[in-house]
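Structures are listed in the sections that come next.
Look for chain A in each of the two complexes below; its partner is chain B in the first and chain C in the second.
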Partner chain A sequence: MTKILPASFEVHINDMTYNYNIQHIGIGIFQFVIIILLSPFFAGFIHKLKQRARGQKGISIFQFYINFNKLLKKEIVLSKDATFVSNIAPYIVLVSYLVVLLMLPAFYRYSLLGISSDVILVAYTFALSTFFMTLYAMDQGSAFGGLGASREWFLTVLSEPSLIFVFISLAIYTKNGRITGIFYFIQKEVSNTFLSGAHSNAISIAIPFLLFVSLFIVSISENARIPIDNPETHLELTMFHEANILEASGKHLGIFEYGSYVKLTVFLTLMSLILFPYMAVNIYQVPSALAVYFLKMMILCVFIAGVEIFNPKMRIFRVPNILSVAFILSLIAMILSIRGF
Partner chain B sequence: MNTKYNGIYRYFFGCLSILIPAFFIALSFYDFKQEFIIKSALLSFSFKFDPLSVFFVIFISALSVFISIFSIKYGDKYDKKPSLFFYSFFFVVSMIILVISNDILTFLIFWELMSIFSFLLVIYEGNEESRKAGFLYFLMTHIGTVLITASFIMLYLKTSSLSFDYYKGTAGVIIIAIAILGFSIKAGIMPFHTWLPYAHPVAPANISAIMSGIMVNMAIYGILKFLFIFSSGGGAFLGIALLTLGALSALLGIMYAMVQKDIKKLLAFSTIENMGIIFMGMGVSYWAKIENFKSLEYLAMLAVLLHIINHGLSKSSLFMGSGLIDKYAHTRNMERLGGLSKKMKQLSVLFLIGVMSISALPPLNGFLSEWYLYISLIGSVFTGNLYMVYFSVIAIALLSLSGAAAGAAFTKLFGITFLGKPRTVNAENAVEPHIIERIGLALPVLLCVFIGIYPYQIISALNAVMFYLTGGTVSVNPLSAVQIIHARSFSLYAPGLIAIAFAAVLLILFFYLRAFSANKKRIFETWSCGLDEKNSKAQYSGSGFSSSIMKVFSSFYSSVSEINFEKDVKKYFRLKSVYTEEINDIFEKYLYIPIGKLYLKLSDIFNVLANSENINVSLGYLFLSLIVCFVIYIFIIR
Partner chain C sequence: MNKMKINANIIDSNDFARLATHVKESGRYLLGIAASDERLKGSGFKIRYFFGGKNLIDEYSVSLPAGDGSFQSISKICPAAKMYEREINDLFGLTPLGHPDLRPLMLYPENWDFSVHPLRKDYNNVIPEFRKYGDYKYKEVSGEGIFEVLVGPVHAGIIEPGHFRFSLAGEPVLQLEIRHFWKHKGIEKICEGKNFNEALNLVSKVSGDNNVNIAASYLEAVENLLNIEIPERAKHIRVILAELERIWNYVRDIAWIFMDIGFALPAQNLFALQEELMRLNKSLTGSRFMFNALIPSGVSVDFDSSKLFTIDNIIKKVEKAIKESEAFILNSSTVLDRLEFTGKINKKTAEELSLCGISARASGLFRDSRVEFPYLIYDKFNLKPALLESGDVFARTILRIKEILFSAKIVTELLFNLPEGKIITSYENTAEPYKYAVGNAETPRGNAFFYIMADGDGKIFRLKYIDPSFRIWPSIQYGVLGDIIADFPLINKSLNLSYSGNDM
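Coming up: the complex of A and B.
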């Protein structure tokens, strides 16, 4: 009983066409370093906006750089009950964010780890960081740590499916499994549509829009932003993220804080790429792409700050409602992208 | 029996269960083509090494060698009752022979031997709990055996041959469905899983490691054999059914795992989850086989085979670890442990790697097979088949939810057990396990890391099995992309590259911080809101950890919790309050217990009817049964 093969559906496992040359590597490193350097700035900018909107004078935009530097100079106070986990966890948390950053084509198409920037890998690398952060929290035997770990996983269990769905619908929509490929596809299609003026079937506005909204909600929950968490307070009833790193001090606290800036930047970058992908493909476009990237990030920072200003913090068991909205939106986006073929 | 020589059984059977599997590994590397037949007066056994059996022989043997090394020292607490070593040796051997058997009788005999030896091991401890679990296991596994036997008999009626050689491409949809039903009971797939969370924890830890890491995979072996070798091609819905069952067990398994207090029970539920993942892969693969999406079939099959290995390695190492915790800290209840990492430093490192591997975190092996599964699910979305798109989108959702929940469950397991302050004196007095026990645990853990970072060797070895099952292979170039041509889609996870990236960034960060930061450290007490009290019970408990997730997904559980106070005491200064929480399996509560009650009721009725004193009634029954036999003869047999 043989059947005729429907369409040419094949999974090939073949060699990559992702050529690394010295220019790609050079600009890739430049991109990586500049985003790392910029990330406390974005966090500081959001903070400044929030404080200004509340009528406070506020700290300097560059305050987080100063904080980081100061924390590095301070001594670490470790708990008596701390084990080896406390010594490695901060590093792994930051490194997993940095590895995600290595994959992102923020403003240059050929990111350093673009060859292996699979969407599911990105989502699970975030899970790795959550895993170690919560282990760190539980390591000191403080009740706050357990509380923070429990709540962090509570959020992750609810938001990770939406994150994976956002990524997979992007992958299905653009027919590409890599982050670099996905955003380059959107960019190409958008520019084709704009330049030729003809409406092409390949690109739709609904899908990126839905995914943007979904990713926005997920980012707010993953980055401990106000409707869900408020990292500025140290009140045990409201802590999510802060409770995890409550026992951290000195260098470890610095690494965790920097990690949260990098994570925020990674999510903002992802949103900026969905919103308006503009990546340089050669060295001459890099300055303009960098400028556009910076502009997009500023706009997104204003968005985030706006949400934080206009919303009160939610009760913990109302969080699933808003996260399920994110999930539904990404599900709709996935259905729309499946409809394409 | 002389107590002096008690250890001798352990050493004898320990060495034997290292040597015999090692012999079988050597045998399977030798490329046998022909069938071996052992004939005796009544029975004839026939054996054959095909690539699938070779894969399973190596898998079983290697894992049981690790577990035997572990048991040589670990088993000394069972010296008083050395039947353990005897049973476990024959348990392993019967599994090895099971996968090389080549006719119905051999298969069923060794399947039954495997079940009986594992049953004897489940009831080994002899207490009330283990007898209950053993009974349930015995019952369920024999229902499974009945179904498997039925499907084999149907195959026999169809081909009139006992040998597996003649079954290639003969099994129809109904035969396969019955066989899958039978094997799912052994695999512990969700509606049929009730025995698993009882039977796996009560056995001694090394036996749980064998049962959870190896024995459940025998069901996978059977299903693979039916789906990819015996199947006559047809019934694409079976693939979708497997996918759905798998997704259901993956989610519910890990959701139940999360709320357990007993370490071994948590691990047992996690086995259900991983069997679900394997079922999902098999479902996609079989569906793709029927619908002729060849490459999707290979990809999903790769996910299945890799996940069998990965789950076996990490689960057996975790069960061994739980045994060591039980042995040296004298309890398996997480709420009574804590702070073990300080006392058992090396064990905790090994356990951490095992936990990371099983919760599928990136540079380790668990992620690799889950990634292949994700890619094949995305691939089945690309096929555009209406039903498959629908079900694979649901499957992706459930798989991602179960992936996150696995992270939570295993953070709870590691965090509550190994980190923080010791909650009881027993946990405080734990010591580092013996070196041989640590070696037995370390070998599979090291393999986990190795497969995670450099899987190309394993994948190229699996190609032979894949070629046998599906007729295709995948390339194993370290930098090769998984490309789905129909959709121009390609993606790639290069495990080695990611591991190198992790290491490189970590090193740069480390040296940067070394150069630019103060390296002062002070050890001080954990801040406890200014209280001076050193109450280790004030830490977060395991049930507290999972309670918020449990509250959101409360429809999955049927839980009863209550707080009992002493009535007469003042409201805020109670000396004692008792909190009880009972989490029941919904399937058990709404499916199995009603069935059991119905059965008992019916038996009561029959009991009353049958025990009648009146001879006329008995004669009436005789007459009635004759009529029934006659009707059966007329309408069914003739």
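Coming up: the complex of A and C.
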């Protein structure tokens, strides 16, 4: 008797049942691949919006794809002080973002790693990428790397509590520890409210709203956007994120850049899920869910671009002020979610 | 015409070192120090100290006998002299005795033989073999957790070379050391033996964006030297061009200040305005930078009424846009937060370093060559340039805005009151042997000072140009103290100094 792989199999963890079949895996892969392919587009779209608002003709929306392609073909130049860390760090950074992306139910409920999409794991996978990025910065032995790394941690340390609190309050609010479960719960809540026409209590509106604002601020800080950091600057002395990868070249730079697009997309996706979760549960809903996802992402891109257009970069030591606002908002949300049930 | 009077004094080097305290206490400040090698003439080396005050320039000339290779430093009394004395030490090989910091300034020991001093008349125009002759010692800061960040000389973006060494304790700057003069062009040497037209072409390219005002200063000196009285109309046109240059320079400077706080939206609007002004320059003079518009004895461009109306229209547009920018800055708390208290240069520092232009006026020091040493027709206006006390980036930004409005007023006043007449007069292109003259003009960065001495054939024997950037660069080292390193680009941009003008 030969043992063949079953067409579908079930995984039981606690009380949650994951029914993995070919359809789920297929759509999961589709979801993963399409978001990866789209992520430079979102970054390019924000860039284009900013340039248009300033009256510039601007680069093509697809310029970042061309840049990535170009960088992949270029040679890698490493400092003579660099160790093996420099050779693995870019991949670890990118892979950490990809792992988070694998967990996210962006427009399909059963994401590939949905089973292990624990909120704490998500938050610290981000931290892992930051860790390796700063290692890369310091491994090159340039003064800017050290400066950039210390600034990066300054930001990360301040935004991490907010990020954790956002996830934990979502977990408490939905009584679910997994990203997939959390957003499916919110989606059900929303659709119940809409379908029944009954107003749910104010708290269930307040919590996602507060968390959205908090996550928005964290996203701006984590993705090196104005007013915290300036993604377009060429001034080494003012950089946060860019100072870390100042020494990177060729393929490494390409991977770091792509990583930053994916990171931006992951954060935008998280916001889009809090803002208005709409996930397909079967193959027939996928086209409409994808369309809604794309629309939400575009709206969020406009938000980000708006903030970037109408604000100057703030002084570095003013950054804790705005990040503490994010923290307070997520703290309030957490208190509400504990009290709400 | 109201020509500047120079009070010339001849004095011994030791006596001058004693007198300097008195000169400084009388409220006069160092405009520049020019050395020249007059050994062939039989008078050894000469060092001329120029001090400026209200409507007067005092000159103290110190002769050093041919064998004597040293003179008394006045850097301890007058810190502004420090750079000039180092320069003389390099280019003439004359040692300032008692100077606190005698490291080479322009001749890099890394690749230049320090026994060769190019501005001496017996220099044979041969560049020493390119190899290492010695080391340059940077200042050191030590202590726990203190590290250095080295920026440049090659920068990201299209910037000229300059080396900045920051000693940091975390983000705050403990010390900044600037090393410049990476591309010394030797223009002063090249000018020797040239006639005044040829030299004009060289000096007006020293700092291209200020070339009209630099040329005005140069021509002031040349016309004094050759006793040329230029036509009234030419004077008016020179002032219009000079003020137009000031306007486009300041529009660009403000745009870059916005750019450096990461606020591209207002910056791009101002860049568009700058572009419009530069196109105006092109339509008026055939060059976006207005090169060659000023020539000895007059100007090369004349305005007809249609050009006057074009200027008037654009000036009105500039006034409107700049008033909007001012309101925008004053009403935006986020912008104010970046500008206020950043890069503060104290009045005392400004005074000790003899700063000029915007940088001095932002620190409460009244320095404006248009008023102090009136040239062209500036004495006809009752000029009262604005003065601010705080000495920070905000003060320098707001001053630029006020200056633009001020210049716009001068231009519109002149546009429709242009006297008729010629724009050029004939002149003799050779000067009396060994006569010298000085010229002053207020460029957008500050006072541009020329000292020109004719040789036996009536050509240039010695030309010394002091760019405002040369005076102001050292002040950044004081401006950044107490600020964090991330604010340095903004502070630097708020002074917007020229690398090229600094490095003649």
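The rule we apply is simple: the second predicted complex is superposed on the first by the 321 of 341 C-alpha atoms of A that agree within 3 Å, B and C clash if a C-alpha of one lies under 4 Å from a C-alpha of the other, contacts with A are read in each partner's own complex, and residues count from 1 in each chain.
The rule we apply is simple: contacts are C-beta pairs under 8 Å (C-beta built on N, C-alpha and C of every residue); 3 or more make two chains touch, one makes a residue touch a chain.
Since this is a predicted model, take the numbers as computed values, not measurements.
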{"item": "Which of chain B and chain C A:Asn176 touches, first, second, both or neither", "value": "first"}
{"item": "Touching partner for A:Val157 - first (chain B), second (chain C), both, neither", "value": "first"}
{"item": "Chain B versus chain C as contact partner of A:Phe131, first or second or both or neither", "value": "first"}
{"item": "First (chain B), second (chain C), both or neither touched by A:Thr238", "value": "second"}
{"item": "Chain A residues touched - chain C or chain B, whichever exceeds", "value": "B"}
{"item": "Touched partner set for A:Leu72, first chain B, second chain C, both or neither", "value": "first"}
{"item": "Touching partner for A:Arg315 - first (chain B), second (chain C), both, neither", "value": "second"}
{"item": "Which of chain B and chain C A:Phe62 touches, first, second, both or neither", "value": "neither"}
{"item": "Touching partner for A:Ala53 - first (chain B), second (chain C), both, neither", "value": "second"}
{"item": "First (chain B), second (chain C), both or neither touched by A:Gln140", "value": "first"}
{"item": "Shared chain A surface residues [contacts with chain B and with chain C]", "value": "143, 146-147, 150, 316-317"}
{"item": "Complex contact set, residues of chain A against chain C", "value": "50, 53-56, 143-144, 146-147, 150, 226-227, 230, 232-238, 309-318"}
{"item": "For the chain A and chain B complex, residues of the former touching the latter", "value": "1, 3-16, 72-85, 91-92, 94-96, 98-99, 102, 113, 115-116, 118-121, 123-125, 127-128, 130-131, 134-135, 137-143, 145-147, 149-151, 153-154, 156-158, 160-161, 164-165, 168, 171-172, 175-178, 181, 246-247, 250-251, 254-255, 316-317, 320, 327, 331, 334-335, 338, 341"}
{"item": "Residue ranges of chain B in contact with chain A within the complex", "value": "232-234, 291-296, 298-299, 338-339, 341-342, 345, 348-349, 352, 356, 359-362, 367, 370-371, 374-375, 378-379, 381-384, 389, 393, 396-397, 400-401, 403-405, 407-408, 410-411, 414-416, 418-421, 474-475, 477, 479-494, 497-498, 501-502, 505-506, 509-510, 513, 516-518, 520-528, 536, 538-541, 544-549, 551-552"}
{"item": "Complex contacts: residues of chain C adjacent to chain A", "value": "147-151, 156-157, 168, 170-171, 258, 260-265, 267-269, 272, 332, 334-335, 337-338, 484-489"}
